[in-house]
Amino acid sequence: MADTSGGPVLRVAVAGASGYAGGEVLRLLLAHPEYRAGRLEIGALTGGSNAGTALGSLQPHLLPLADRILTETTPEILAGHDVVFLGLPHGQSAAIAQALPESTVIIDCGADFRLTDAAAWEKYYKSPHAGSWPYGLPELPGGRDRLRGATRIAVPGCYPTVASLALAPAVAAGIIEPTVHVVAVSGTSGAGRKPDVGLLASEVLGSARAYNIAGAHRHTPEIVQNLKAAATNSTENRDFDCAGADIAVSFTPVLAPMPRGILATCTAPVLVDAAQARAVYEKAYADEPFVHLLPEGQLPQTGSVLGSNAVTLQVAVDADAGLLVVIGAIDNLTKGTAGAAVQSMNLALGLDETAGLSTVGVAP
Amino acid sequence: MADTSGGPVLRVAVAGASGYAGGEVLRLLLAHPEYRAGRLEIGALTGGSNAGTALGSLQPHLLPLADRILTETTPEILAGHDVVFLGLPHGQSAAIAQALPESTVIIDCGADFRLTDAAAWEKYYKSPHAGSWPYGLPELPGGRDRLRGATRIAVPGCYPTVASLALAPAVAAGIIEPTVHVVAVSGTSGAGRKPDVGLLASEVLGSARAYNIAGAHRHTPEIVQNLKAAATNSTENRDFDCAGADIAVSFTPVLAPMPRGILATCTAPVLVDAAQARAVYEKAYADEPFVHLLPEGQLPQTGSVLGSNAVTLQVAVDADAGLLVVIGAIDNLTKGTAGAAVQSMNLALGLDETAGLSTVGVAP
Amino acid sequence: MADTSGGPVLRVAVAGASGYAGGEVLRLLLAHPEYRAGRLEIGALTGGSNAGTALGSLQPHLLPLADRILTETTPEILAGHDVVFLGLPHGQSAAIAQALPESTVIIDCGADFRLTDAAAWEKYYKSPHAGSWPYGLPELPGGRDRLRGATRIAVPGCYPTVASLALAPAVAAGIIEPTVHVVAVSGTSGAGRKPDVGLLASEVLGSARAYNIAGAHRHTPEIVQNLKAAATNSTENRDFDCAGADIAVSFTPVLAPMPRGILATCTAPVLVDAAQARAVYEKAYADEPFVHLLPEGQLPQTGSVLGSNAVTLQVAVDADAGLLVVIGAIDNLTKGTAGAAVQSMNLALGLDETAGLSTVGVAP
Amino acid sequence: MADTSGGPVLRVAVAGASGYAGGEVLRLLLAHPEYRAGRLEIGALTGGSNAGTALGSLQPHLLPLADRILTETTPEILAGHDVVFLGLPHGQSAAIAQALPESTVIIDCGADFRLTDAAAWEKYYKSPHAGSWPYGLPELPGGRDRLRGATRIAVPGCYPTVASLALAPAVAAGIIEPTVHVVAVSGTSGAGRKPDVGLLASEVLGSARAYNIAGAHRHTPEIVQNLKAAATNSTENRDFDCAGADIAVSFTPVLAPMPRGILATCTAPVLVDAAQARAVYEKAYADEPFVHLLPEGQLPQTGSVLGSNAVTLQVAVDADAGLLVVIGAIDNLTKGTAGAAVQSMNLALGLDETAGLSTVGVAP
């Protein structure tokens, strides 16, 4: 659209535009008020092995961009953009980032720069640690400050997003003992758009299965990192200090026959009663635009946040078992990936944090 | 949102806000630029047996309206609004319409005022004919003229929307013989939000079934009506005149295990070759903002139009069988219901026809 | 089929034949070798509000019984059968059982006689305790002895079946601390065939949601009961004695968009290493015909046990979190309900325990 | 199992045991009475690129065969078996068949030997015609005679199975004009177990799409062949002779988000009334064990035939449109592939045609 303001136009590139993360970034950008106002321009779209193909045949839901042709993913093509979103396989971001100017806002939807702990990275990713970038989860303590003006941003993993938001208030307030159990049911798009027999519809339809159990999933150390940060950064008076302690996270991902969504069940030994627990969450998220503590008794469901950037939570106490139970729902591609990326971009550029992002899901 | 323009604010009510049609109207209104600009206000939300309940427990995806309480559906409550959307069971619209001023824009998502032929109405709906209102399918010949400034609008049925848009150009151009076969695979939301055992997930998941076959479905006469109108209103030179003839429509709806979407397969004896057929459709929809003839070889899929107001079409000729084959996809709740309703509202009010409506689907 | 043996023919009735449990019992009986040999006859089929309806319109998958007409559910109609399966709403079994002879084998797929603890019953079911019957889970310690020759049998709940089989060996062997977390993802048929808006395909498709969290689900005390029994009945030398302790069970059920299947993730603090844990399970289930510990690294999936009576398990230790992780999969309607019922019938009647039951799933 | 009869044991091999067709053949063989009686032995299981892998990791639903190791697919390995099922990619069957003795019963689930018309083969498969074998659809006129004692059998395609059974009686009786429209909604397993991005769950879930439209699907000439044979072989007095005419078949396959099942909608201009049409079908299938004409008003659904060898049909006349409407449902992997293969084996070997095959589906 024509720029009607006369001001400078922001040029945005998406590397990996043929994947699910890249496609979702584009879906959100097409609805972004800056794009609608002609002040944000969608520039290069790159696609590795799909270079030369029209986007319309790869992402047929992005009709306004159907005629755009994917290019190769090179620093030369990405240069000359103000913002570059990366939706690439792990390990490819560092080289691209180094070749682009410091002033380019690079927002990496991949894992390369999420972990601060090199040992954790090497244990889980079996490769050298590239370093860490400001972490794109504004709702964590200190999150917004890290992101304002940042030019390198690591978008959180989808599971850590919901698990961290579900548990951080309890950790920060010290109302749980630091042994948390997370079982998260995910839609299939979290596994990416790779031709894997185990992800075929025939295999997935009508079936649920766990995978990467017993701490094997790469998102485990990221959850640990976030919860430790929540404890450390907290200024609350806590009955129980878990800042210095090792926070033990049991994480089990479960694949369910749905395309999107994560429903996380989080449990931990609790030190307070239900009303106190609820009060902690009400306070923590009172001013958050995207995190919604549902009314008592109403439970999150992934279908309600489809395509939205909302996180819905419910908090309860199982008095018999002595546990805090927190249920959280997100759309793994929106708040869990591309929504966080756009939210981070907004903060980095000084735009309204919520621009182009909705809390209205597409349901039923 | 606060009205920042100082102009008059449009007050909009939704009757039947707890159903799927009403919920989708609200989803679209929340994204409408007039709402965002504070010039459109969402007023009364009514819900029959759900009166007194918070919308958040019924439509949990509409987080910004979660605290709104549903009221009863009475003319008194609906009075005082500029626009009233009706998402009610068949037979309830006439009484409400009569009790509201002529100047109120009433947009009926139900069937009551769709059919012009009283005999067809009585045959299919087994009740007296209430009359007919301007038909909310702007893409049909003369459609926009009927809707501009209208204060009573009948939103088309979901199946007739896609079947009519898939076949009208061929009928208008006289390139087919007037015997058309439509088999349309639909998601479950088209059946509404009623507690019917046959619509339970347990019954639907993993299963496809036809229903109301052999002309029994109430949308059959609506498709006939639209195709006859397409023939009659056409100014094309046609090789074959089907305007005066009875157009025979074989319509078979099939329920598939998906929440949204209609994929219609339409076939009819063809009088031209593939290139000629394609040219007819290219011309018919060249300037339509929501109807997209896909590039040759690319086929419509409902997943690509989820939540969008787009209609995607592909046209082919089966030379061996001597048939035109048109495939069309829509979201039954958006373009098939609430999107058409909002598009019609825009035309009725003199707003940009596409305001608040997108051609970008939520995929995967 | 004609009885070719000349021996007595077993007459079997199914009360609640229009529901999912009753339908699955009939599916299994039709494949039972005694039925095929003409020595088991399917007698009365009762159906409450569906009395007078042909089974074919209610259970169209049971083609051989399509012409059978459902009757009302009365003791008179059920009398004269050797075996009576009950697939009735909670609270209806006691009256029927009292009216039938002691010698009639009554197998109750409902909850009425599962719990031995009257206080637990009253807390969770808000009604007087009717007593308890031999529990139809042969794989629990002492399970077979209770069932051989029994004439009253309580079929376990679907969740307790998989949770108990997943955890009982660890409890019996004392290799875990008695605080267990169970998050179980279930298909929709577990909720029964009732016209509930929340179970509509439109609501369930594409969405996962937790329900009855924080100990509110009625299957919670049943899991506790089974695990306590496993501890008490164990003759193992245990490092840790949990027999006398209160076993804390955190149970969270999650509804997923699939018609059948339960995938349970069970975690508990572990006292041994992975090899020792695996050895405990190998020993516990070495001779069980239906419980399969999968090879190391292979994870259970519900799709693989569809329609089968198999339970597939995997056991791992999360060394970082200090937890045992057990994943279990069943078909909730087969091993979780009707398969257990037929397995119990086989034991009660002195037939081959596995007769009519398969470990082969229908996949993909 | 041990052979208890003392008679010769039938040795059966399955080539392509890691695919969906091969897996379903094995599922059915495990339930076959000859296998249960120890008179049928499951010999070599071959798996191309999966040679050396345990079947349990590839087909986890076949627990009794979990430890079997797949071998390469060579004539040497397949030699020494009495029956060889082939579930191989197109083009591989001829070489294997030539290398095996004439007396070996070879049952090819692939397409290589289905078409009798070399020109049709070459047009659709772009390769030389290998010839044709007796066609494994016993329910077609003359079908059983062709199969009894046969040692080479071509299993029909899944779509032609249901389309042909839905239309053959009408063609044979001459009650329709020979222009038929078939729109068939299929589950994803019909596309095989190949890692194709378009078959990923993320792409398929929530979406329906047509493919290979306008006569492009390879099953089109097979439907034509079967309907021509039905006309030619018919001894009925027909009002309309379509034997010599070109039968025009419009075939549109539609992919739906379900793992199994085909729901075919078949329409054609009709020459008789509804009662006459129904009488034709009642007569045609009165004695067929697997083809069930449902009671009037009851419509087929694929969920009801899941895992069964049944074909359910409904016949109606759309009087307004002048059309016969036949709806048919099958399980594409059972009656559509492996069930037909086992049924054909039974006939070839002189066993009970229905042995090991059920008309009971797994539902819900």
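Each chain gets a letter, A, B, C and D, in the order it is written, and its residues are counted from 1.
Assume contacts are C-beta pairs under 8 Å (C-beta built on N, C-alpha and C of every residue); 3 or more make two chains touch, one makes a residue touch a chain.
Which chain is which protein? Per UniProt: A, B, C, D = N-acetyl-gamma-glutamyl-phosphate reductase.
What you are looking at is a predicted structure, and each value in this text was computed from that prediction instead of being measured.
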item: Chain pair with more C-beta contacts, A-D versus A-B; value: A-B
item: Chain at maximum distance from subunit C, centres defined as averaged CA atoms; value: B
item: Centre distance in Å when subunit B and subunit D are each reduced to the mean of their C-alpha atoms; value: 39
item: Distance from the mean Cα position of subunit D to that of subunit A, given in whole angstrom; value: 46
item: Inter-centroid spacing, subunit B versus subunit A (mean Cα positions, whole Å); value: 35
item: For subunit C, residues contacting two or more additional chains; value: 20, 187, 189, 193, 200, 202-206, 257-260, 301, 303-304, 306, 363-364
item: In the complex with subunit A, residue positions of subunit C that touch it; value: 179, 181, 183, 185, 187, 200, 202-211, 213-215, 220, 248-250, 252, 254, 256-261, 263, 265, 267, 299-304, 306, 314, 316-323, 325, 327, 329, 363-364
item: Subunit B partner contacts - residues on subunit C that touch it in the complex; value: 20, 187-189, 191, 193-197, 199-206, 257-259
item: Residues of subunit B that touch subunit A when the two form their complex; value: 20, 23, 27, 30-31, 54, 56-57, 59-64, 66, 189, 193, 205-206, 259-260, 292, 294-295, 298, 301, 303-308, 310, 312, 358-364
